[in-house]
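Provided herewith is a single structure, encoded as structure tokens, for subsequent inquiry.
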């Protein structure tokens, strides 16, 4: 399957924090920068997400802002 | 100012394409991965965005999905 | 690959309208209801989207609102 | 009132899970597909959402991605 | 109908700019601050949006960031 | 830094509710209207958000819908 979301950043899961409904997942990219995602607890369980997993952080282009000095 | 958005990926603008209302901006990160953003044409003009600019791609954690093989 | 986005609605593309930067894609679901998506023109070309294609409309749970009479 | 969001999928609430801040609501559509939404606990209380309620799942077109085999 | 989106800011349309697929709508609030929205051209036509219209700018709580000096 | 997000509404924090992963922040604007935001608990701690803080509610134009009577 090919998804229309333009942004797919490969990295490794370094932390998973779950709550009743939500979960926070931190992914470290190749250059050491990190990406934090909040997804549902249900998705963490469905994907079986754990520290050390190789994953992609996926973001639709319309959700990305640009900040310029 | 400190923004609550958790994701700030530093990089360089490699392409800016504008339309009547929208614009597409491509940012290359340190590790060669790219991030594509669609923002309004007005924002491109307000920020004076051009190829070669050092910028940050900013994404709220709730907009990031996780994809696992 | 398994994506964390919780919503995957299967249907058929009934219309694709492109512009300089953006594109609008209409998908008809099994029960006749339709889903409209705006994605980048680049994504339409990358996916080779055309009328009649079998696709899934994918939406992160945090982007879905509820309306009650 | 008419809302600009293009997507309005009618269905029935089949589950409501609440947490301190957030809540997860599952809606079953006419064709048996389901839509999951995360909204604030405050919204669940304000709408008085319960299993069996007839509701619409509302999504802005810019939040819908397309996945093609 | 009651929508789960928590934010509803009342104001008046001061500008509508349309493109092939997208449109930009500017709304002035009571205190003179403005809110800019990008919606589809189709939504502008469906709502018959024009300068001077009394409208509400509606935003889901998960889409609002906080910036602190 | 200048951020591409078009909407920046100045106001004062009137409530902060935190949970395991998420937090809800209410901001009162100059004209008495309020804006509710859900951000991560981590962001509340990083910004040191408290009642009485002067902040801006920041929203990307693509996340704003329009509702017309």
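Here the chain labels run A, B, C, D, E and F in written order, and each chain numbers its own residues starting at 1.
Throughout what follows, contacts are C-beta pairs under 8 Å (C-beta built on N, C-alpha and C of every residue); 3 or more make two chains touch, one makes a residue touch a chain.
What you are looking at is a predicted structure, and each value in this text was computed from that prediction instead of being measured.
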item	value
Identity of the chain that, by mean CA position, is farthest from chain D	B
Most remote chain, CA-based centroid, reference being chain E	A
Whole-Å gap separating chain A and chain B, where each centre is the average of the chain's CA atoms	17
Distance from chain F to chain A - Cα centre to Cα centre, in angstrom	22
Separation of mean Cα positions, chain E and chain A [Å, integer]	29
In chain B, residues with contacts to at least two other chains	1-6, 19-20, 22, 24, 36-40, 42-43, 47, 56, 58, 60-63, 65-69
Chain-level touch network, classified as line, ring, star, complete or other	other
Which chain pairs touch, all of them	A-B, A-C, A-D, A-F, B-C, B-E, B-F, C-D, C-E, D-E, D-F, E-F
Complex interface listing, chain C residues touching chain A	1-6, 37-40, 42-44, 46-47, 56, 58, 60-62
Touching residues on chain A, where the partner in the complex is chain F	17-20, 22-24, 36, 38, 62-63, 65-69
Residues of chain E touching chain C in the complex	1-5, 19-22, 40, 42, 60, 62
Chain F residues within the chain E interface of the complex	5-10, 24-25, 27, 29-31, 33, 35-39, 43, 47-49, 53-69
